[in-house]
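Next come two complexes, and both contain chain A; in the first it sits with chain B, in the second with chain C.
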Partner chain A sequence: MTSNIMTLAGSTFLETVRDRIFYLVALFGFIMLASTAILSPLTVGAQGKIMADVGLASMVIFGLLVVVFVGSSMVRKELDKGTIVTILSKPVGRREYLIGKFLGLNLTLISMLAVMGLLFLLMLFLAPGSFSLRFLGAFYLTFLELTLINAVVVFFSTSVSPVLAAVFTLGVFTVGHLSQSIRDFGQLQDGVFQRQMSELVYYLTPNLEVFNLRGAVVHGTAVSGEHLVMATVYSLAWSILLLVVAGSIFSRKELRGE
Partner chain B sequence: MKSRTKTLFRGLAVVVLTLVIFLSLREYDGQQEQADQQERLYFPSGKFLVESTLGFREAAADYLWFRFIQYYGAYSMGQNDLRYFDLLIDGITKLDPQFVEAYFFASLVRWSSFGDIDGSIEMLKRGILANPDKAKLPFQIGFIYYVIEHDYKRAGHWFEMAGRCSDATDKESRFAAFARYKGGDKRVSLALWKNLYESTDSPHMKELALKMIDIITGKIEIQKIYGKDFIGPIPEI
Partner chain C sequence: MIIQVPVKNRTLDRDSRGTILVDRPSRVQTQVPDSSPEKAGSPAVVLEVRDLQKSFRSGFLKRRIRGVEGVSFSVNQSSVFALIGHNGAGKTTTINCILDLVHADGGEVSIMGMDHRDPSSRSRVGYLPERPYFFEHLTGRELLKFYARLLDLPKDRRVARIDEVLDMVGMTEFAGRRLKKFSKGMLQRIGLAQAILGDPDILILDEPMSGLDPIGRREIRQLLMDLKNAGKTIILSSHIVPDVEMIADTVGVLKEGCLVAVRDLTELTQGFSYTGDLHLGATDPTWLPAGCRSLGEGKVRVQIDSVGDLRKLLNDCHREAIPVESLETHRSCLEELFMEINREIPVKREVGR
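Up next is the complex of A and B:
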């Protein structure tokens, strides 16, 4: 079972590499360079901060783009080409297939974040007084956030079309960053129903602000070990839950040619 | 011949279209000046601004910072007034309350362009509330009291506060000791110089502290003997 998953993960990773996903990394490098060289006259004493902000935000945005656009069409592509039937005709379970796809995309994410992280640290190294290893904590939290989003996109890709899967995943990303405010807003309402609904929305959607300590890290606060453990548990719990539900949906799905 | 005419026609079309694009852009730039001001007029504030950035608060604050710098640059060149100054600064500091440079620069503008010393100090105090551990902000308040208001006691208080911050250097303590001395608190100043002498690693600072300790100790001794109103020895005629 494990070897099947690993083989699928490996082939998914190679597929994304063949799709020239890493061009985005080059674009990231360009943005980092631009934020240093072109924008420096406008930073007025905040060059290190702005470089770090732009770099960390770009990592999330590029990671999100890859996860959403590659992940949403991943299953559909194989359904259309009919290769999924070939794969599933071998002793590979549908759940294994989904987990393999999920891990393959996560492997792409890890490689991308590693290269972008190195570029980021290199650029900070060139700006006096900006380099710090505390950014590793922010990279890790970004990876956890994108892992969760990866599980969300896998979940949607098993049940709806690629376009809808991408739209719904972006919706989850948006709500995930607003869920705390939705709850706070609900608490201000007079009606008990509104308060309970906002509470429900808060618990039914992943709170992605858990992974957003970029500002604090840029301003010199290191992410605590306790928070890293909590965020890891939170991301893993959501990812496993979504993959289990996605597996159940996918197991019942009728595939052409099967 | 026919193909030649076609090529000529295509070339002409490219030139005309390029010209149209260029002129449209010029027209757009003209409209943009007014639109820019309107954009700032309807600029969201408060919690909505924070929420609308979807977790990219700091990057959004940086974007506004660029806009602010350009806006101030245009003011310096006489192209606009500063009526949206507060709006932009509020936006930046709401999005990123730890953006120390924004408070610092805004305080400088308040002081230098509006002549509003109280507003300048208020801006710095707002920054201190969000960043109690950054020496730069209380130091700047001390600097304003020292240089502009000549209120050395208050200046000393703020310099001391800056000296207690985690990122403080010898500079804050040195200014505190000088301000206390100028404000007439010789004993406090002496204590601050002694403290600086013990804590600093810089030989130059140790030398300065020792010199000041000697001067202040001497003055205190003279005051002890001749009283508080003693103004110095009578010069020989």
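Up next is the complex of A and C:
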């Protein structure tokens, strides 16, 4: 089972690496990072902070774009083209297939974040007084956040079209960053319905602000080990839950029409 | 009441009104052999399909359309079973249900005694889909490496086995080319290569000759005959009747989702003779099969009395290293059976809401 998952993950990784979209988005990511070096001299006294702020935000945005746009069509493309039937005609379970695809995309994500992270640290190294290893904590939290988003996109891609999967995932990303605010806002309302709805949104969507300590890191606060552990558990729990549900949906799916 | 009525050189099952059986025909006509191993001397049943049901919802009103209904058959070890029928007859649906690519509404399928829904039941099965399509970003060799890993072939044997199957399907020369540059025929060949890669006991081939030129068809036909001689069990679907006639031991005729007849080809063709023109790859062959008359330019006229004769003829040519490009026959007995069934059996496709 593990060997099949690793084989499928390796194949998915190779596919995304050879995909032109990946290179295009990666290129944009690098341009964005490089632009921080150009823009930062305009900010008097806060050069390092601006570079770090824009750089970390770029990593999230471009990582998100790769996960959403590659992930949303990853399973559907194989269903439409029929590549999936020869894979599942081998002794490969459907859940194994789905986990393999998820891990393959995560492997791509790790590679992309690693390259962008190195570039980011290199730029900070060149700006006097900006370099710090505390940024590694922010990188790791970004990876955990995008891993969760990867599970969200895999979940949607088993049941809806790629466009809808991408839209829904971007929706979850947006609501996920606002869920605490939505809940707080709901509690200020007089109506019971509004309060309950805001609670429902809060509990049905992952709270992605858990992973957003970028502002604090930029301003010199290191992420605590305890927070990293809790964030890891939170990301893994959501990802496993989503993959289990996605696996159940996918197991019942008809892979070929008449 | 079921009676047997002679139709030319063979018989078709008909009811007392003379109609070829339609209502749940597969249950009535298909002989499902006893698969118990205790039965001495009987070949092992490697695939058993019982009362397979599958329907699809279609159109705005979501009417239920029959995919297959009540299909039952069994396939013995080392035999070739062919499903024939026109487009949309249910051949691919039957195969997809066997491999659990679509979930059957009812019925049972066992592969080598295991439930077909268990992924491990497919460990000894090789499958070629109707329209093989693979990862375009891989080369032919990379694709086979990927499948070799899924099949868990021992690492030290992978390269040799991949070379072997590439050679068997005539793709060694193109193994380093990306699949997006492959023609349809090349995809079909690489598809067959992945199907036989794990040296499976059962091969399930959906339209294996589709997309191939006459020479390709001949080569693949020969490969299938070699695999059959090597003891493999082959289940194939096709609407190219002459190809089926050359390879299959048993045929099942599907019409509108119902298996309307299952026949042993040797029995079916007994006493049936026809003439055909054999096109040989050599324009001036030094050897001619017995009883053949040369028509010049590599074409010989043959008289064929049975499928056994036909196979002997092809084997003789193979032994003498004379390639056979094609065989043009006047209508074959299988073709006649097929036409007869399609003419005489009305089957309603829609099965209600």
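Just so it is clear, the second predicted complex is superposed on the first by the 238 of 258 C-alpha atoms of A that agree within 3 Å, B and C clash if a C-alpha of one lies under 4 Å from a C-alpha of the other, contacts with A are read in each partner's own complex, and residues count from 1 in each chain.
In this section, contacts are C-beta pairs under 8 Å (C-beta built on N, C-alpha and C of every residue); 3 or more make two chains touch, one makes a residue touch a chain.
In this text the structure is predicted, and so the values were computed from the model without any measurement.
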Check: For the three-chain model obtained by superposing on chain A, do chain B and chain C clash or fit?
Finding: fit
Check: Now for A:4: first (chain B), second (chain C), both, or neither, which partner does it touch?
Finding: second
Margin query: A:81 in the overlay: touching chain B, chain C, both, or neither? Say first, second, both or neither.
Written below: second
Note to self: Just checking: does A:128 make contact with chain B only, chain C only, both, or neither of them? Give me first, second, both or neither.
What the structure shows: neither
Note to self: Just to be sure I read the superposition right, which of the two partners does A:93 touch: chain B = first, chain C = second, or both, or neither?
What the structure shows: second
Next item on the list: Could you say whether A:46 touches chain B, chain C, both of them, or neither, answering first, second, both or neither?
Entry: first
Notebook entry, point to check: Taking the superposition as given, does A:177 touch the first partner, chain B, the second, chain C, both, or neither?
Noted result: first
Notebook entry, point to check: Which angle, to the nearest 10 degrees, do you get at the Cα centre of chain A between the Cα centres of chain B and chain C?
Noted result: 160
Note to self: On the A-aligned overlay, A:15 touches which partner chain: chain B = first, chain C = second, or both, or neither?
What the structure shows: second
Check: Just how close are chain B and chain C at their nearest CA atoms in the overlay, in Å?
Finding: 36
Note to self: If I apply the document's touch criterion, which positions on chain A are contacted by chain B in one structure and by chain C in the other?
What the structure shows: none
Next item on the list: Provide the residue numbers of chain A that touch chain C in the complex, in ascending order.
Entry: 3-4, 7-8, 11, 14-15, 18-19, 81-83, 85-93, 96, 252, 254-258
Next item on the list: Can you check the complex and tell me which residues of chain C touch chain A?
Entry: 56, 58, 65, 67, 88, 92-93, 96, 99, 101-103, 119-123, 125, 127, 129, 131-135, 137-138, 146-147, 149-152, 191, 194, 198, 204
Margin query: Could you list, by residue number, the parts of chain B that touch chain A in their complex?
Written below: 47, 51, 54-59, 61-62, 65-66, 69-70, 96, 98-99, 101-102, 104-105
Note to self: Considering only the defined contacts, which chain A positions touch chain B in the complex?
What the structure shows: 39, 42-46, 49-50, 53-54, 56-57, 60, 173-174, 177-178, 181, 208-209, 212, 214-216, 218-219
